[in-house]
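Both of the next two complexes hold subunit A, though its partner changes from subunit B to subunit C.
Let's look at the complex of A and B:
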């Protein structure tokens, strides 16, 4: 691991521990030998209150590439996650996570997590990543909401 | 207005930025960008809103292909006299000047600083109409999106800061650094990270924003952080964006050629192409190319056929044809097998299946008749066998057919390829000879104008050879009719003249070359006549429907 990558990820961890938004969690995963793997993190994104996503914490994984922070981390929900901007593999389609769009090296973990929370209840119908959720969101809102509520139940706090 | 806007003061000969930044060596904060640049733009009454595509400002541009036939310039022989492309050749520098003019225009119309106008234009990929439209709707929204204002107020300026060790940690590298840069948004990073970030982004040609938020870096920021000339590099990348945005602009396809051609009658190109004329233009470095194909000048072959030929030569379809005509598939595992000698008893290397090369049947049924397949003689009246036989002959026929078409293709391809490599050799040879004569000019006082015949002859040779080369591709796609015989006669004559002139260039002794001046002139003039004949013969063949376009 390059020192730049290591320094930055340690700093991210330090900052997160010092201060992070309420209801969220984020931590590096433990490698097989018990040491921390700083390039792979797990985190939880709580749905906002008063939305169909409330009362649940949705798990994500973050994978930091070797050239982070020049390149953005790859962020995924569990495969098959129901959301118009989440690919069937679970990969999240969000402009700040796209190297060719709005990723900038100064964006920190907190901004990423808040961005994803924001995306949950305000999907972007112009860049669909999966068909079922996108179609239901546009054409059959009651069914969409039903599916989202069912999914939220699975991840209740 | 601040005087360090290198791009706006740009003139083709001196484009070095004259930006100068001062900073003191102590811990004090130094203002870099001036804050009061806005609102002093003067509205230009002569604003000309043709700016953009297809402008026609510099009078009626006449393509020099239209020169008359007695003119010694060869252009007219390569293109037909009607349906010409009208175009302007630009260098990258011309384009920079053009973009600079466009920026000035926008800044005066929208009453912005040149720097802000530049950022907005880059943000809108040089689409000034869309920028103006959206700006008139909601200037603040546009400015915020492009990052020229922060929180509703004009950018306050950027600062370069110095720290003592241990006072500042840059969030990108998470190291303690002593030199930093801060934009008006307050985000502050070390110079090293900033510089790396900018150099990463310059090639995009798009607005570069703060590493954390949406504030745009202007040219002073760029030049200060990444070194002078960085903002100019961004402009150069912008040109790529600009050329790609405007379909009437075409890059010269020659290797490493930085020139652009602007087509003035872009809408006519499809007509020119459908009339089987080749829309040829010449860039500032004297490269001729077809603007429809973005490929070398392929006169006399029409664009569609040229494309077909190039794809054919490039892809592996001929490999497939070869496999088809020279191999058989193992009846069991379908591996391709080439029989390169020996008897008809085949054993597949892959699956060890033993079969007969003639009838593709299992070898065991052949018994002891090792060298002659008897599979059909056994039961000539058997229906099933007869059917098999028919199938087999059909297969054989198909194989022969592909074998023939392969032969035809290879015949023309070889001719084409020979002339392609000869073009390269000619080019080398001509340059070598010109060099020799240049030496001679210096030593024996032959005037430059007297030696010009050599340059002209070389040009004529290269052009004619290109026409000859393409005529083989044309012949490949022609039906064999009486007209093709005439075509081939003309072709042979052209080939002969090309070889004759090419031979003259083999003379080593410079003095001998000069003595042969008349010969050079005669031969190249003759060559041009034959080249003309070739082109008109091609067009006639198309008119008579000779060109089938079939492989």
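Let's look at the complex of A and C:
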């Protein structure tokens, strides 16, 4: 692990433990030998109050590549997650997580998590990543909301 | 007694003195002297700041609460005066040079005054002015001289005392138009790339974002490469050359560290008691 990568991820962890937005969690996973695997994290994104995403915390995984922070982390919901901008694999389609779009080395974990929380209730209809949620969001809103509420139940906090 | 010849109010400079006239130069030395004195003042300020936060940590830091205000204030005043003096000198030089060449060019089309053409000059435009009259007229209407508020040295000196006393607070006049500061936020003394406390903070002149020099060289691998500003949402494209040392941020870090040290020492002292 390069020193920049290691140092940055250690600092991200320190910073997050010291101060993070309310209702979120984020931590590196434990490797088989019990040590922390700083390049793989799990985190939870709470749905905003007064939206169809409220009262649930949605789990994500973050994989930090060897050339992070030059390259963005890969961020995924569980496979099959219902959202117009989430691929069937669970990969999140968000401009700040795309190296060819708005990813910048100065974007930190907190900004990523807040960006994903924002995306939950404000999907971008111009970048569809899956058929069902995208179609329902555009053409059958009641059905879309029903599906989102059902999914939220699975992740009730 | 014969009647004397009455000279016209205006006639061109005689060919005999033209070479001398062309040789007149404004004083560019004065401007250099002023610039040098101004950089001496900056050096004095820097020496003073360095003495406040000695590198050798065994030396007790010696910032008196607001005791440094007066010294910096008088340095700032001198700095401003010198800025105005430079502008004045430059204004004088510019007016002098442009007037001299205007008068010289005018003389090219005017024949030397002689008994044959004296009447022509007597009938000419009575408002036509001599060099000294023109110079006086142009100099009598100086613009207002004041320090360019974007001058980085001025910004540094003006805000140095504030950041020493409030290392984590945004500059007072920035708070209003900086809508990115949420809830009167604090200044982050950490590089957004390495997330370590700044060692050699570098400021982008184009967008005022600060990153550490190490991170800068990590992103801009060669002097000519262009990269997006590494800060979320910033749309500026930058080169290494767009960065200058962020002196205020460096001062914030020094002052913050000194404050922390003082707090620790105070705690040790409390424990001893």
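The rule we apply is simple: the second predicted complex is superposed on the first by the 157 of 157 C-alpha atoms of A that agree within 3 Å, B and C clash if a C-alpha of one lies under 4 Å from a C-alpha of the other, contacts with A are read in each partner's own complex, and residues count from 1 in each chain.
Note that in this section a contact is a pair of C-beta atoms (placed from the backbone, for glycine too) under 8 Å apart; a residue touches a chain by one contact, two chains touch by 3 or more.
Being a predicted model, the structure only gives us computed values, none of them experimental.
Asks: Looking at the overlay on subunit A, is there a clash between subunit B and subunit C, or do the two fit?
Replies: Aligned on subunit A, subunit C clashes with subunit B.
Asks: Should A:11 be classified as contacting the first partner (subunit B), the second (subunit C), both, or neither?
Replies: In the superposed model, A:11 contacts both subunit B and subunit C.
Asks: Please indicate which partner A:128 is in contact with in the superposed arrangement: first for subunit B, second for subunit C, both, or neither.
Replies: neither
Asks: Determine, under the contact definition given at the top, whether A:70 touches first (subunit B), second (subunit C), both, or neither.
Replies: Both subunit B and subunit C are touched by A:70.
Asks: After superposition on the shared chain, which partner residues are touched by A:106: those of subunit B (first), subunit C (second), both, or neither?
Replies: After superposition on chain A, A:106 lies in contact with both partners, subunit B and subunit C.
Asks: Decide which partner touches more residues of subunit A, taking subunit B and subunit C as the two options.
Replies: C
Asks: State whether A:90 touches subunit B only (first), subunit C only (second), both chains, or neither.
Replies: Once the two structures are laid over each other on A, A:90 reaches no partner at all.
Asks: Identify the overlap between the subunit B-contacting and the subunit C-contacting residues of subunit A.
Replies: 4, 7-8, 11, 69-70, 104-108.
Asks: Under the stated contact criterion, what part of subunit B meets subunit A in this complex?
Replies: 169, 171-175, 187, 189, 193, 196-197, 200, 209-213
Asks: What residues on subunit C touch subunit A, complex-wise?
Replies: Listed in rising order, the residues are 190, 192-196, 209, 211, 215, 218-219, 228-234.
Asks: For subunit A, which residues count as touching subunit C in their complex?
Replies: Residues in contact with subunit C: 4, 7-8, 11-12, 15, 69-70, 96, 102, 104-108, 111.
Asks: Applying the document's contact rule, which stretches of subunit A touch subunit B when the two form their complex?
Replies: These residues of subunit A touch subunit B: 4, 7-8, 10-11, 69-70, 104-108.
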